[in-house]
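One structure below.
We just call them A, B, C and D in the order they show up, numbering each chain from 1.
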Amino acid sequence: MLGMSMTTVGLAHYLFVSLVLLCLGLFCVLTRRNAIGVLMGIELILNSAGINFVAASRFGSSGFDGQVFAVFIIMLAAAESAIGLAVVLGIYRRMRAIDTSRLTTLQG
Amino acid sequence: MEHFLTLMTFLPLLGALVVLVLPRGNANLVRWTALVSTLPGLLLGVWLFQHFDRSVATMQLVERHAWIPAFNVQYLMGVDGLSVSMLLLTVLLSPLCILASWGIEKGVKGYFALFLLLETGMIGVFSALDFFLFFIFWELMLLPMYFLIGIWGGPRREYAAIKFFLYTLIGSVLMLIAMLALYFANTPHTFDMMVLMEKAPTYSHGFQAWAWIALFIGFAIKIPAFPFHTWLPDAHVEAPTAISVILAGVLLKMGTYGILRVCFPVFPLATQEYAFWALGVLGCWNIVYGALCAMAQKDMKSLVAYSSISHMGYVMLGMATLTPEGMNGAVLQMFNHGTVTAMLFLLVGVIYDRAHHRNIDGFGGLASVMPIYTGFVTIAFFAALGLPGFSAFISEVLVLLGTWQYSKPLAIIAASAVVLTAGYMLWMLQRVWLGPVNEKYAGLPDMNWREIVTLVPLTVIVIVLGVYPHAVLDLFGPTLVALGDTVSSAVPAAAQAVLR
Amino acid sequence: MDLGNAASLAYHVPELVLAGGSIVVLLLDVFTGMKARLGEVALLIVAFAIFTIGYGASAQQGYLFNRMVALDSFALFFKFLFGFTTLATIWMSTGSRELDGEHPGEYYSILLAGTLGMFYMASATNLLMAYLALEFVSLTSYILSGFLRHRERGAEASLKYLIYGGVASGAMLYGFSLLYALTGTLDYAELGHKLAAVAAVPGNGAILFIAVTLTLVGIGYKIAMVPFHQWSPDVYEGSPLPITAYLAVGSKAAGLALLIRFFYPALSSAVGDGTWTALHGVAWPTLMSVVAMVTMTVGNLTALRQQNVKRLLAYSSIAHAGYMLMGFVVLTDGGLRAILFYSVVYYLMNLGAFAVLLLVVNQTGREDIEAFRGLAWRGGAPVAIAMLIFLFSLAGLPPFAGFIGKAYLFAAVIEQKMWLLALVAALNSVVGLAYYVRIARAMFLDQPVAGDPEIAVDTSNGVLIGMLVAGTLVFGLWWTPVINFADRSVVFFGN
Amino acid sequence: MQALRWIVLLPLIGAAINLTLGSRIQRSVGRAGVAVLGSGMALASFAIAVTGFLKLRALEPESRLLLDNVLPWLHVGSLNVSLAFQLDPLSAVMVLVVTGIGSLIHIYSFGYMDEDPALWRFFGLLNLFLFAMLTLVLGDNILVMFVGWEGVGLCSWALIGFWYKDHANTAAANKAFLFNRIGDFAFLCGTMLLFWSLAGLGHATLVFRELDTVVGLLEGQALWGVPVATLATLLLFIGATGKSAQIPLYVWLPDAMAGPTPVSALIHAATMVTAGVYMVSRLHCLFSLAPFTLNVIAVVGTTTAIFAATIAVTQHDIKKVLAYSTVSQLGYMFVALGCGAYAAGVFHLVTHAFFKACLFLGAGSVIHASHHEQDMRRMGGLRTKMPLTFWTFLVSTMAIAGLPPLAGFFSKDEILLKAYQHDPLLWGVGLVTAGLTAFYMFRQVFLVFFGESRAGASLDPHASAHAADHHGHHVHEVHESSAAMTLPLVLLACGALTAGWLGIPSALGGNNLFTEWLSPVFASGGEHHGVEHEGLELEYALMVVSVLVALAGITLAYLVYLRKSLNADTFSRIARGVPYRLSFNKYYVDEFYYGTVLAGTLALSRALGWFDKVIIDGVVNGAAASVRAVSILGGGIDKVVVDGLVNFTARAFNGVGGALRLAQTGNINAYVYVLLIGVTAVLLAGAW
């Protein structure tokens, strides 16, 4: 698939790494009760996608779209985590805790 | 009279708007306004009765305007004999119901506005010839009905109202699907019923089959046919008198009207196939089952409600036969049941207004307390049990005649109901009006002028139609003959024989 | 027409107005004392933006910014919709008690920014642009939904939204990346052409399907379609009411626009006579029709048991997303037209319902059905009737606009003979009535109990509700303009 | 002839006025007002009837038919009937009887009902009854006849229950109506069968004179393997048993005595109950096609005759005795019809109308005089106190007993003769019945008019509960009734005396005017004409025998109830025996009907009512997930249905809704789980 071989590091390797990263990210989101941890998990997921883009554009034959995309991802990830942290902070200020499993006033 | 039907349909709506802007305080003003705004409809009805051409089966007073060209929806109104009879019934009962609602004290404006809105819906349904328009009017009646039962009804009104609402809605969504399927069945796509009828032969058998069933369920719920009938007793028991009258007098007819207006001419093939079971056998079952259930009731209104179920069975049965006798009988029965049941509900209302309950065993000997009232009751009851000389007898005999030719066992079963009907009617009469006077109600006043006024016209009609039924029969005779032929000619005679 | 960056600006006025506007509002907040009037300012800005949209509508259509976004009737339609949504939202916000004195500067400028994002969602023709727009809307929504920081529910809603949105958009990104890896392009149209070839290669089917599915997660979460819907009830309940309306109408529609724009050009090919065929080997129409059925069913059934009206409306909006998807899966112009028509109708009746709810919340401080008890009998008769019209319109009863919208959707489905879908939708609308009626019943059938406050209608809300009612009624009886507009707007680039 | 309609309409008008404005008239004008109005209408229509009869007689025997076509009534499909009246010899006879005796009874009622406040209602209903009965008789097609047929049912219902405050009366009224309805149901089916069978032959008609000509075509037609004629006639005859109180539907008539006595006389003796006889002879052409049916009729007739007679023997209620005797006499008429001797049947109908009406009115006079005492064991010795009543009563009794030369003798003997010619067994039973008739009628005479007055005497357990409340009355002096009551008695007695002479058989040198008058009607009916010559001796023999039997009955009654010479030994033994109790309790037929038919229907209806409420509705509510459904299930009786249908549907919605809400835990991690699961599900679906 997509020219994978033992000698050179091919697209497949990158895809594999990103897949692992994705899974780690998901695992983190699912298991962490700590909001910060969850946010970090999301970062992982985003970055896994980033890797894909960079790799794809490096091995693919079409300009720099991928890299550009990756840059944007990083940027937006930053923005997202900024907002995330702000919210978490707000919650912490009131609850003295950032445990997601306790944020269940909204349900049903 | 270019915009005749438009006028007839929307004058009540106009009245409703007027009622809404009237000052809150003056209840009588509201009542009179409501009454007055139903009268033009009545007059137009009289005009229609005189000028309607009884000799042809075609649509008359047709109004056709493009409405939504993009969707090919038209504002298409028109009447044939079938609709005329129902229109007359509607415009006749509406003023009477307004009179019967005179006692309403709570939210008077709302009540009468909703009632007039309801009347617009009913007239619209009976005169719309564009399926989409028909559907809109059909649904338009749900809202006022829901609130009229739900706000002004009895103790369990909310339950009854929502039950009525959901039941009917299930029917209408099925109708909606079938309607849209029909829309796409023709090119150019159209909702024009007359076109849909012309194209009837082109519809595939499978399509006719399921569309017929979908529409039938939609209509059967309104009739109401077993087993879709359980909303009716609840609705009747809870609804205020006038609403029960309208419900039994007009709304139930819409089920059978719809079947005759849509199912029959548009899906003749399917009609031929299903009429026997879906209309004949089920109708017969309605007759007997309704009668037996009525016998078991404790509440006057639910007894009358079940008797409605039983009587509507005759309509279904008559339609199933496709014979001129049967179909004329069926439609005449629609009309007669409208008037007779209206009387029954009005009469129950009279005693309910005085005693504030309707428990059959809770009275006794009213005859000596309220003689005039008892006189009307006796007439109404014997009319209801199909005594010759009253209108209902004619229609039932016609239905039975038609049925005998169609299927003898059904005819015999249906005819046996005359005994049951007499049974529960007389039994109720005996328990409530005859026997020793119940001291508790010895002081009840007899009927007042208003109540008498509501009942006299109906009584007259019931008797006149018993002696000279052709006054109404002639209206739809040609229409129904044509309709019967359309359906019967859809399948070879041999196949018909098999269906017996 | 395919313009470069500089040339595009001329055709980009509405977006510029919004962008500028959001900054202006912020500056006014910081440097002037006119906090109280910021709402009106924002209102004017949006109104102007809408005007410019209409002004540009006549212009020649084409791609802008080197095929990053498209300027076509489809985009225009949604821009109008978003414009009006924002208009209504701001209007409600100015009359909302809970938002009094809550940093209006930030609030309105973020609101305008979010609208800007929606504009791009509707007009993006490039994966990158789509992603940016989506994230733009998401980020602003996170903030808006948690805007009342002092309210625990607000913060919680915001965080949940953020996490869920993060994961969802992450998944979507991953899907994008796979698509990119497969085709080496980000442009919808090119994607469309290349994928046709890619799909033909045996091994790729699976990857392609994964990619599509992951993409769907991101878009599906925006339109709150099952099984990516769970965030919405909580967020809707936790957010300030105008924002709930904004999300329920605006960002849902934006999601739909994005969905259509992406799936039709990229994952299917037009066969003329106004119908499409799905990309070979990827059975997404079937998948989506199942999703549609599940969505409307879950939404309705869950709504049956809700006590909080805000939450009830949240579930109902899930159900409505399901209805609208009916128009999406049939792959016909008719279906798209139905969706567009429905989103207009949905705008009217849903915003209307929220507007009335806002009124009630303002005066009773409660959001549950009890707050509506006997509304008609304690001064609120006009409002109650308005609410009634909105509810029954939502339930899809004539003679209200909701019925017409539903009729078009059904028509589209039935034209394609997808009976099962039609039947499920039909039964769903019955279930729908069952819970809309609960509110109607509370308003009219139940009597008010002692202590229920009188409901008075203030002008601003009154006018808003009045206009929405008018729309719901008029379009229920005469909808030719709307349907023609929708018809014209089905035209979009990218294929 | 236009006037025909007025025979029918005048009473209707009278009824309309009296029933609507009657109470006012009674208040303003006085009791006489309503009475005059009612009786006047009756007399007027009688007058017209007479003129009509004269017109008819003026015509040639073959062309004796007067028509009055009022208006087209029903013309739908192949059905085409109009509201039309016809006067032919047969209907003429009936009309005269109805209007004539009707008028007399109207007059009588004014005397009899002198204390009743609702006199207006009474006369209104009497007039209404005349209207219905005349419609029945004059109608020129089956449908119009059916109008009258059910109309008389209505009036009889209203008049039996005239004193509606007593539930016993209303119950009797309902019973009468319902049993009639059962008959009507059969009648209707018969009509439809007849109509469609003829329609199949291209002669769709319900008009009698047309039927006479076309029914012949039914020969050989069959339905379900039964000849159509037989089936139709059987159904029609069931209708007749309902109206004319024959086995098995006779039980209502005795109870019908609950009504005021004039009503019993008019409706339940003279006119309405003979409707069945009239109907059969009206359709004789059809019946003659069905020998089987005729045999059935004959058998039913005889059985009823003797059956009712045996019951009458033991009754204590003066009116009950007459009621059962009516049933038995009607039996005679049906025997005649069954033998194809239609004229004889109608003849007996006429004579019976006279003497039975007279008897009832006499009984009424007695009851009225003795303050509504109806138990014969509290009467006696009235011979001197009310001579007129006594003599008229005696004459009629002799007439019914069949003593020459009174009316009953000729009519009954003609029937017995025809019966003998048909089948000696019928004759034998008929003869025994005649003996019984003589016996119980004279038993009545002796108990009521002879011996000592036993007014207020205490009674054995069988006594009706009246004992106590009427105890006080016997002190009142019993005296002859007013002229309004005695005049009709006298006239009717004359009728009872002379009516028979219309039909003196040729054997006795008479020229059977009556049969001759009817012959144009029955000519086509295959009536056995002119008795064969060698029959003459036979005829004499039969007469003698029957007279002897009658005398025997009378003597027995005399010995038992007047001389009391037999009472002690023989009768006390019988009295304690089973036959007595059987007869006294009317063979428990009522109890049987109640136990089976009525109870069954009620049970069924109750069951269905429950079914409807609990199950049908339950299922629906379940589907609607209404809590109420669940509660019904909780209290529901039928666990199977509960668990089977409703619970399931209930869970389907209610449960799912709840479950979905539970899925919304509020925990964000869980949401992401669900998201992941969703994706996997989609992917799996795609893979599969």
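What we mean here is this: a residue touches a chain if its C-beta (ideal position, glycine included) is under 8 Å from a C-beta of that chain, and two chains touch if they have at least 3 such contacts.
Model, not experiment: these values are computed from the prediction.
Enquirer: Taking the mean of each chain's Cα atoms, which chain ends up nearest the overall Cα mean?
Expert: B
Enquirer: Is the number of contacting C-beta pairs greater for A-D or for B-D?
Expert: B-D is joined by more C-beta pairs in contact.
Enquirer: On a C-alpha centroid basis, what's the spacing between chain A and chain D, in Å?
Expert: Centre-to-centre distance between chain A and chain D: 97 Å.
Enquirer: Roughly how many whole angstrom separate the Cα centroids of chain B and chain D?
Expert: Comparing mean C-alpha positions, chain D is 37 Å from chain B.
Enquirer: Counting only Cα atoms for the centres, state how far chain B is from chain C in Å.
Expert: So the centre of chain B lies 44 Å away from the centre of chain C.
Enquirer: Once you find the CA centre of chain A and the CA centre of chain C, what distance in Å lies between them?
Expert: Here chain A and chain C have centroids separated by 27 Å.
Enquirer: Note the residues in chain C that touch 2 or more other chains, in rising order.
Expert: Each of 159-160, 163, 167, 171, 233-234, 305, 434 in chain C touches at least two other chains.
Enquirer: Which positions in chain D touch two or more other chains at once?
Expert: 624, 661, 664, 666, 668, 672, in rising order.
Enquirer: Where in chain A do residues touch at least two different other chains?
Expert: Where chain A meets two or more other chains at a single residue, that happens at 26, 29, 38, 100, 103, 105-108.
Enquirer: Can you identify all of the chain pairs that touch?
Expert: Listed by label, chains in contact pair as A-C, A-D, B-C, B-D, C-D.
Enquirer: Could you list, by residue number, the parts of chain B that touch chain C in their complex?
Expert: Per the touch definition, chain B meets chain C at residues 67-71, 135-136, 139-140, 142-143, 146-147, 150-151, 157-158, 161-162, 165-166, 169-170, 173-174, 176-177, 180-181, 183-184.
Enquirer: Where on chain D is chain A touching in the complex?
Expert: Against chain A, the touching part of chain D is residues 661, 664-669, 672-673, 676.
Enquirer: Can you name the residues of chain D that touch chain C in the complex?
Expert: Listed in rising order, the residues are 624-625, 653-654, 656-658, 660-661, 663-664, 666, 668, 671-672, 674-675, 677-679, 681-683, 685-687.
Enquirer: Which of the residues in chain C come into contact with chain A in the complex?
Expert: Chain C reaches chain A through residues 127-128, 131-132, 135, 139, 142-143, 146, 149, 152-153, 155-160, 162-163, 166-167, 169-171, 173-174, 176-178, 180-181, 184-186, 203, 233-234, 237-238, 305-306, 311.
Enquirer: Quick one: in the complex, what on chain A touches chain D?
Expert: Per the touch definition, chain A meets chain D at residues 26, 29-33, 38, 100-101, 103-108.
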